[in-house]
Every structure is written in C-alpha cells, then in structure tokens.
Amino acid sequence: MRATVNGAERSLPPGACVVDVLRACGIGEDERALAVAVDGEVVPRTAWGGTRVPDGARVEVVRPAAGG
Amino acid sequence: MRATVNGAERSLPPGACVVDVLRACGIGEDERALAVAVDGEVVPRTAWGGTRVPDGARVEVVRPAAGG
Amino acid sequence: MRATVNGAERSLPPGACVVDVLRACGIGEDERALAVAVDGEVVPRTAWGGTRVPDGARVEVVRPAAGG
Amino acid sequence: MRATVNGAERSLPPGACVVDVLRACGIGEDERALAVAVDGEVVPRTAWGGTRVPDGARVEVVRPAAGG
Amino acid sequence: MTTTTAAGAGPLVIAGVALPSRLLLGSGGYPSLDHLARALAASGTGVVTVALRRVEHAPGGLYDVVARAGVRVLPNTAGCFTAREAVETARLGREALGTDWVKLEVIGDERTLLPDAVELLRAAEQLVGEGFTVLPYTTADPVLARRLEAAGCAAVMPLGAPIGSGLGILDPHAVAMVREAVDVPVILDAGIGTASDAARAMELGCDGVLASSAVARAHDPAAMAGALALGVAAGRRAHQAGRMPARAAARASSAMAGRPGGSPA
Amino acid sequence: MTTTTAAGAGPLVIAGVALPSRLLLGSGGYPSLDHLARALAASGTGVVTVALRRVEHAPGGLYDVVARAGVRVLPNTAGCFTAREAVETARLGREALGTDWVKLEVIGDERTLLPDAVELLRAAEQLVGEGFTVLPYTTADPVLARRLEAAGCAAVMPLGAPIGSGLGILDPHAVAMVREAVDVPVILDAGIGTASDAARAMELGCDGVLASSAVARAHDPAAMAGALALGVAAGRRAHQAGRMPARAAARASSAMAGRPGGSPA
Amino acid sequence: MTTTTAAGAGPLVIAGVALPSRLLLGSGGYPSLDHLARALAASGTGVVTVALRRVEHAPGGLYDVVARAGVRVLPNTAGCFTAREAVETARLGREALGTDWVKLEVIGDERTLLPDAVELLRAAEQLVGEGFTVLPYTTADPVLARRLEAAGCAAVMPLGAPIGSGLGILDPHAVAMVREAVDVPVILDAGIGTASDAARAMELGCDGVLASSAVARAHDPAAMAGALALGVAAGRRAHQAGRMPARAAARASSAMAGRPGGSPA
Amino acid sequence: MTTTTAAGAGPLVIAGVALPSRLLLGSGGYPSLDHLARALAASGTGVVTVALRRVEHAPGGLYDVVARAGVRVLPNTAGCFTAREAVETARLGREALGTDWVKLEVIGDERTLLPDAVELLRAAEQLVGEGFTVLPYTTADPVLARRLEAAGCAAVMPLGAPIGSGLGILDPHAVAMVREAVDVPVILDAGIGTASDAARAMELGCDGVLASSAVARAHDPAAMAGALALGVAAGRRAHQAGRMPARAAARASSAMAGRPGGSPA
C-alpha cells in the first residue's frame, strides 16, 4: 500500500496506522507539538494508534516553524 | 388603487400605466434621461404606455443628479 | 532723581542704590533668583548695597518665568 | 617670467600681456564667453591687449561650463 | 480587457473606447450648473459622472448641461450599500442615459464612504453578466483589484483618500501595487485635492484621474479644472520620461573640478 | 486648453525682466549637448544656468548651444565656499557672459552642498553693491530670506531638498513660510525630481522652479523638461484657482437624499 | 518613572485573556533560536506567533524555546491562499499546540503578501463557527474590519505596510478609521520597522502591535525588542495623555511680555 | 567639545556634566505650577528651561517648584531679536540662577519664532567668549550647526518644526545631516508633539530631546511627560539596536516552503 506523506510517496505495510507512518518517517510519537492530517482531516494524537491510513491517502505531519 | 411612488403613497385610477404615474407626478413623458422601475424592475420607455402598475406597487422615477 | 525701572519711570531719593530700587518696587533683597541690570550692566547681588543708580538710569529687575 | 595660469605654472616672455597668456594656452582671443582675472581682478576683454601680467601672477581663464 | 496600442503614447482606452482626456470629472458639488459647464469646458474631459436620484431631488437642468458639453455620461451608483441596490441603480442609469457604462460604488458606511469589498465584487460580477461596462470604485488593494479584473471589470478605480477629503494620495505605495496587479486601466478616484495630486497619480502609473470635489469646491472651479488637466498631462509625461532616481545624498550638478582659484587639474 | 488672463496670471518678472516661463533649467549633467538643446526647446524656458570653469574643464560647445536656444544665461557660483570666491566667480561670469545676473551659491561643505548662511549673506551684500542682480540659492529659512531681500537680492531660491537628490520638497511648510516672508519672487531650487514636485512648489506659492538633475538625469530629458513645464503651469494655475480645503472626514459628492429605494423625501 | 493606574490603563484583553504586554512578536527570520529566546525575554511579550510546517521543514528546537519563554503560542496560517487551506492549517495548529487561537492569514499573492478580503472573511466565518479565537491579518480597511468583527473575530490586525517591508504605517488615516470602526482590539500587524512606528500605532489608538522582521532582522534583535516594548508603552501613554493639538503657526512657550529691555507693561 | 565615553551607552553629557535623562523640559504653558511639578517628576528629566522676565511678569513660585524638583535650571533668551539683547538676557540669567549654561534663542520674527542665523552666531561667539556654556536653538542646518560648534557651543538644538506647533519633525533628513555634521550633542528642540516624535528624533541620532508645549498643553501633562520619557528611551535603544533596512517589496517572515498541502520538498 502507498501514501503521500508530506508530499512524497511512500510505501507502507498494509493496515498501517498513523503511528506507523510517523515511525516510517523517523518521528517519535511522543514528540511534542506535532499534528497529523489524513486526507485533510486532523487525526488527534489519541487516535494515532487506532486510525488506519487508507491506500493512496495524503498524510500531512507538521509542527511549529519560525513564522511572523 | 394605490402605489408608492418615490417613497410616497399615491392613489391612482384603476388600471393606471406607468405613463399615468408620470403624469400624476407632473412629469412629461417626453422628458429626456428619465428611468422608471416598478417593483425593482426597470420598465423601458417604449413600454411606459402599456405597462400596468399593480396595486401596492413600489415605483421609482429617477433622472441624473449631480454626483461624483 | 529719576530712573526707568522695568520700563516705568520712577522717582528715587538722591543717591539711591540698587537695593533702594528693589525696596521701592516692594521686592525683598533676600528673594532668590533675582538679577538686576543698570544701564545694561548686571549688578551682582553682592554689590546691590553699594552701587548707586545714576540719574536717568535704565534698571531691569528680573527673575525666572515660565518658558520653553 | 612666470605666472600661474589656471593653477599650473607657466613661463612667459617678459612683458607678456593677457592676450599673450591666452595664446600661450592655445586660446583664440576672439573666442566668445571668455573671462580672465589676474590676481583676483577681472581684466575686461578690451584691456587684454594692454594689460601686462606681473611676474608671479595668478591668472584665471574661464568660460561657461555645464552647471545647475 | 483593453489593449493598449502604441507604447503608452495613445489615449486612454476603456472597453475599446478611446477617450479624449485622461481626466474624468464628477458633476456634484458645484455652486451652479453654469460653474459645472465652464469647468467641463476648461477641463477638456470626455467623461462626466452623474448620480441617479428621484426626480424630486434631481433638478432638470443637469442633463442638458452635460449633453451640451458633448461628453460621455457615466452614471454612478453612489449611496448604495448592497450589491442589490447597486445593481438596480445601475439598471436605472442604463435606461435613463442609454449607456451600459457604470461607475460602480458600493459603500460600507455613510461615515467613511469607503467601498465594501464583498458587496462590490458581487455587484461587479452581476453587472458584467448583464453586459455592463463596469468601472468599480475600490480600495487601493491590489488583490481586490485583480479579483475585479477577473470578474470582467473594464477598469479599476482605486481611491487615494476618502471621498471629498482632498487629502491626496495617502498611500502611494498601495496605488503603485494596484497598477502592477492588473492589466485594465487604473483610474485614481477620490482624494485628489489639487493639481500636484493628479500629477502624482499619473507618475505612479495610473492611466487616468477622476476628480470631483477638487474642482467643484475650488474657489474657481473652471481654473482648477484646467489645472488638473495640466497636472494629469504633466504626470503622464513625467511617468513616460522616466524620472531620475532619488538619492539621500547631494550630488553636484556643476562639476567641482576646474573652479577658478582651485588647484591645478 | 483654456487661457487664463486674470490677475496674477502674468509672467514671472525678476528685476524688471519678464520671463517667458516660470521654469528655469540648469545645464549640467546631460548625457550630451544635444540632449541639453532638445530639453531647452521642450521646456520653453527662458533662463538656463551655467557654471564658470577654467577653459581646460569647459568644453567649448556649451555656450553655442545656449546661445542658439535664445535663452538668458544665468551664471552661477557653484562650488564656492566663501564670499570672496563667490564674488570673484560672479565677476568672471559677468565679464564672460555680459550679464549682471548671478545665481549666487556659497556652500558650506562639499558633502551636503548646503548653503552657508553667513557667507551667502556677505556675498549677496557685496554683489548687490557692485550692481549685480543677485538670485541667491538659500536654505528654506524665512528669516534668512528676509535678510537676503533686505540686502537687495532680486529673488530668493530656497532649496526643496539637497542638490541632485531628487527628493522633492522635504519641508513644504518651510517653503510656504519663505513665500510669506518676502515680496521678491521665490524660485524653488534643488530637490525637484519629477513633475508633481514642480506642481507642488507652485501650489505652495512659489513664483518659479529651477530644475537641473530632474531633467538631465531623466531617462528622456526632453520629455521630462516638457513634463516639468506642464507641472509648473498646473501648480501655478491650481494655486490661483484656490484649492478646496482638505478635511479628515469623507464628504459625499453625490447627495444621499433622493436615492431610489430610499424612504420618502 | 511613574505608574499610571487610571482607566484605560489596564492590560490588553483578547477573548477574555489578559496579556502581559501590548507587544506581540513573531518567531521568524532570527539569526538563531538563541537570538529569538533573548528577544522574547527582552520584549516582555506574552504572545509569539509560529507557522505550521511539515516536519522536514520545521527544525525541532523552536517549540522548546517558545515553551521555555513561558509565552502563549499563536499559530498562524501564513502562506495560505484560500479559505480551505487556511482552515486546514488552523486545525493543524490547534491540534499541534493545544490552543484555539489562530492568527488568520489568507493572502492574495506571493508578491505583495497582502490579504485576500473575500477568502479571509470566508475563513474567519468558518473558523469562528468551529470555536476558534480568530485574529485576522487584514488590510487597513474599516469596512472589512467591521465585517470581520461581525463574523465573530476576537481582534483585527490591520497592516501598516507590506509584511517584512519595515516601511512603518503608510496610511495612518486608514488605521485610525479601523480603530473607530470596531470594538474589538486592534493590533497593528506588518510594516513596523522601528520603535517610533510602534509608538505611532499606539497613538493612533491601536491596542497592540505585532512585530516580526523589525526585531528579527535588527542588528541587535534583543535590543530592538526592548526598544519596541518601550515604544508601545510610550505611544500608549501618549494616547491616554491626550496630545496637544498640532497647529501650522508657531506659538511661543515663553511669554513675550515682560522681557528685559522691552517697553513698560 | 564633549567626549562620549563608551560606545553610545552612557548618559547624555553636556560640557562635562552627565545628565540623568535625555529628555529636557520647558516650564512654560502649564495650566498651573502644580502641573509643572508633577510633569517634572513624571519625566525624570534633569534639566528645565526658564525665561527671564521682569518681576512684575514673573510670579514668584516658579523658582521654588524648579528648585524643589532638584533639576538643573537652564535659562533661555526667548524673545530676543538681536545678539545684544540675547547677551544681556544671558548675563541676567547667569546672575539670577547661578549657572553659566544658557539656551540661546535669537529669533528673526515674532510670527515664525525661527532663529536668525546671523545674530545667533554672533551671540554664541560673544557668550562663549564670556565663559558661558551655550546651547543654541537653531534651524536644522548642518552648515550653521558646524559654525556654532566651531564657535564653541556645547551642543546644538535644531528645531523639528516651529515652536509650539507640535508638527513633529518636518524634515528628518535635515536633522540627520545636523547629527552627521557635528561632534557635540544634538538636542532636538521645538516641534515635538507626542511620544513617537521624540522616538523618531532619537532614531535620527539625536542625543536628546527638549519638549515644552507637548507636555504643558497635553490633556494630562504628567502622563505625557512620562510618555515622552519612554519615547526618548525607545528611540535611543532602537537607534543603538540598528533597525532593519526598509524595503519597498514584501518579504515573508514565515517560510513558504514546507506548507502542508504543498508540493514535496
């Protein structure tokens, strides 16, 4: 199965959850101030373990950056 | 029958047309640069003679005024 | 004898000193922040008692006033 | 004999007049809009032929230049 | 969208119509119709704006003055607060004056008389759809100007300062950004108080200037109309001439070298 | 375009000489003499300033260009730091050009090129005493302007901004005070960058404008010369027309009363 | 220094939250996170804005710096061109930072970075409906400001000049009109270049100032942060003190009467 | 001539005397002496100016208020039109107040209250020769400022706008040139209307600000005195911090790269 994570295509194991995506990106799930959206919908941190990422999904993983 | 002409109520003979409203207002139908709307719809000059004003209608009779 | 004190003519006893002028104006000689000029020359406070005012002299008696 | 013409030292024949200075500089005496000063005093054109330049004089030969 | 012909040289063209002057005038606020007539003549303008008002409030002579002046009448929608009001007024103007040009005004409040961006855009879209040639009075906002252009407006008319204030061009930077944002003509509207304001507008790249109170409320309206016409021409030509760069430091226009009494070259 | 013939509409008169234009030009900084010639023609000016320089530094053709243009030559004392230097340069200018008019410049330093009030006044007094018609380049200082007038100067030439900066009129308030302080003509000198600056100077009540770098260093000098001439005319006429008062609040130029759809009158 | 405790002297309150300072800071453009940390400390601010970016583009340390500073984090929607993008970014910010406050930016183009009135209003309505506390970055347009307030925004943030320009407040008149148009707090955003700009904003009646580039790109960011804090305080107090009326003519502050050497009283 | 110690960090030093504040106040125009006393306290100033007037015109309490405030009294020569008058007044001030400091004013006319350059310089030379510490009120003219410094003045006090006008700094460029022209302290005098003006003066590099009407004629003089003190501090710190360069074009303070929903990095 595949997903577009932060604009780049990645292959993921079938049935991968949000937390698996984070791990695949090398991001610890305990890291503070993270947010994840799957296909435009925010997935709350509490649901990262239980939310499956659909095949072909668009996943965004963001955090605060310098800005004005 | 009654109509509100330029914001003021007037009584008109039953079956009055736009041209009758103008006359009742003391306005010559040949006067240039006039426009009339009945209930928000412009009535072209060519139709002034044939357009009946419904009872209770809102009639606007305007012409150019000084403006910026 | 006469002198012009702050623009106004006054008669003074012959031989009047600066201190006499002040008294005639109702000004105590101990008052702080006073300055006196006779005919355009400042008379220091220490010399008020000993400086005669010439007949027809122009005397200025000033102190600080509100200013910018 | 020597003179400083427009800031540069030049040797001139003894008894040289203003007109000789001009020639030595390669300037025609008929040229329009010229002015000459010797030691700070303007020498009118009519006197160029008859005015001797003193030894050691400072001569200025000017004309209009672009300016604001 | 208009096509400008020769490189900046030709007349102002709006919706395919070449205008005889880059100065447009209003008709409001004059001491008398005679003052208006003389100002129109002195200005050389080809366009004059009028409002539409109920006949009781619109003394008859105005149209005759304007018609005799031989200028194009541009009905406005002054005093409208909503797209609906503005559209109805525009239609009345089209009927009364036989022109599909409209100076579109949709204001947000009676105090500032500033445009309401949302209603303005809505009205513009509607009127373009009905075949009007729409010249919207707008804030000096390049993003809104681009939206108005995209909606099919024939020009945009950014304001220099509040209507009738005579404060000139309060934010020249914004007007310059509007000019860069669109391809349609940009007519500076509102705020002009005197000739140098009109010149400045043109130097910022505007294609024309609409003046109303500046003329009507001058001590001598006809003279001021002539002054503004000269100011527009001056600014236009200066813009085309390409001004010198401004610089903080002085720079002599007469050379220092070669001064009499100086040192040798 | 209209012709005004009203009072105040006459020409600029300096020392009894009526000039054909209220725009005066410099001759410095042009890409070529040909550019200068075309700018003079386009401007309609009647006065052009020149510097006096040692012949090695003054290529011969300038005088011919100016003479052919049929304009009055106004020699300046640019680059002089003291009254003595300025007086000597003025005398050279009178001899070279056969005119007793002089644009008197006595600057305080080479960096700002700003006038030195003390030396300027001294030089003015001396030159007036020698029969010169003195037009001093001065700070926009009404008190100094009055002293220069009292010394017998034929006009005063306050600066709008440093020479060659093109920054316009940095302190319009000061220029207006100069205008109120003296009876002789006031010619705005230095700082003009574009046509609206020239118009603004005239609107402040100035009687004329001298432009140099604004023309010479424009992309198209002749076009800018024409633009400045228009700007001067525009500002002059606007000043005479009497501008509307500026006000902070908006004021409608179309009446609110009588709008269609509104309440009864 | 004195302590004012009079009415109007309280803190800035947004959506019921009292802030420790009327100066808000951005977090972008600093030479290093250490510079940011020191500027936050020097400013005394209680609010700092951050963007939301993909983790690869968002080095991890920023959040720690901000958290250690003990200030409220205000996520923005910088870089969004549509209401949809802005709403999605706002939701991500709420999730990431645990705050429903959002500085709403919806820009019209990448060149001017100016707000798009239409999309901005749309996004504001949507986000208010979702329970956000919305602080929209807007043009200095009182009509749009009133619409944003009507949509439920907790404050409005008019721009003084384009983002990152440091040009100050290009149209003070417009900012004053925004202040008069709404009841919610007005925070001047964008354009501030130095302390006097911040003071001026407050003198115009603004309730606060957000500065970003002015601090980050100063030679000494922490010193400038302190300077802006002083400027905000100065302008605030001056606004409350009620400034003297400005007047064109001079007026002596020392009496002329009673001068020594003068005539009698 | 003064020596500044550490790079810009220390107090304002005039003639070797370190002052506790860079804000100087006038004493004229207050509603009451009590208002003056409270303004002096709120300002933190170390210097207050007074005029010298005939006793009939100088109510007695002023000196006591100033003495109690513990500030240095700076007598002025306000109202003098000639060097002779100013010198005599300065001598009276020295005698009355036991200080050889004098704020030297020699004005050209009663209408503009602007300095007369010629008489001012003459008076300054005379007073320096008599051992006075001379602080001349002058036009914002760098050439005159350099002459005053050369004459031995301890500081120069250029005006921002006419006395009592509150118009701020009409020609910031000129003030900056004064600052560059001399080594002695530059104190902006006259024109300050509010806190941002004071901040701006310091950002232009001035070493101090003298305010008079701005405080005395504010609605709440003490509050405005505090505001100006903050403004001076803000501007001073901003000047030292080194402001960001201003630029015409926008520049994002949040990166465009890495936006959610964008293309891959």
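The chains carry the letters A, B, C, D, E, F, G and H, assigned in the order they are written, with residues numbered from 1 in each.
Basically, contacts are C-beta pairs under 8 Å (C-beta built on N, C-alpha and C of every residue); 3 or more make two chains touch, one makes a residue touch a chain.
All figures in this text were calculated on a predicted structure; none of them were measured in a lab.
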Shortest path length from subunit B to subunit E (each step joins two touching chains): 1
Chains touching both subunit D and subunit E: F
Distance between the centres, which are taken as Cα means, of subunit H and subunit A, whole angstrom: 61
Centroid spacing, where centroids are CA-atom means, of subunit B and subunit H in whole angstrom: 70
Inter-chain centre distance, subunit E versus subunit H - centres from mean C-alpha coordinates, in Å: 44
Distance from subunit H to subunit G - Cα centre to Cα centre, in angstrom: 30
Touching two or more other chains - residues of subunit H: 26, 28-29, 51-54, 56-58, 76, 78, 88, 92, 112, 114, 162-164, 167, 173, 212-213, 248, 252-255, 258, 260-262, 265
Touching two or more other chains - residues of subunit A: 6-7, 37, 60, 62, 65-68
Touching pairs - complete list by chain label: A-G, A-H, B-E, B-F, C-G, C-H, D-E, D-F, E-F, E-G, F-H, G-H
Parts of subunit E lying in touch with subunit F, wherever the complex brings them together: 26, 28-29, 41-42, 44, 51-54, 56-58, 76, 78-80, 85, 88-89, 92, 110-114, 162-168, 193-200, 203, 212-214, 216-224, 226-231, 233-238, 240-262, 265
Complex interface listing, subunit D residues touching subunit E: 6-8, 37, 60, 62, 65-68
Contacting residues of subunit E [partner subunit B, same complex]: 26-30, 36, 49-60, 62-63, 66-67, 73, 75-76, 78, 88, 91-97, 163-164, 190, 212-213
Subunit H-facing residues of subunit F, complex: 107-109, 112, 114-118, 121, 139, 141-144, 146-147, 161-162, 167, 170-171, 173-174, 177, 181
Subunit F to subunit B touching residues, read off their complex: 252-255, 258, 260-265
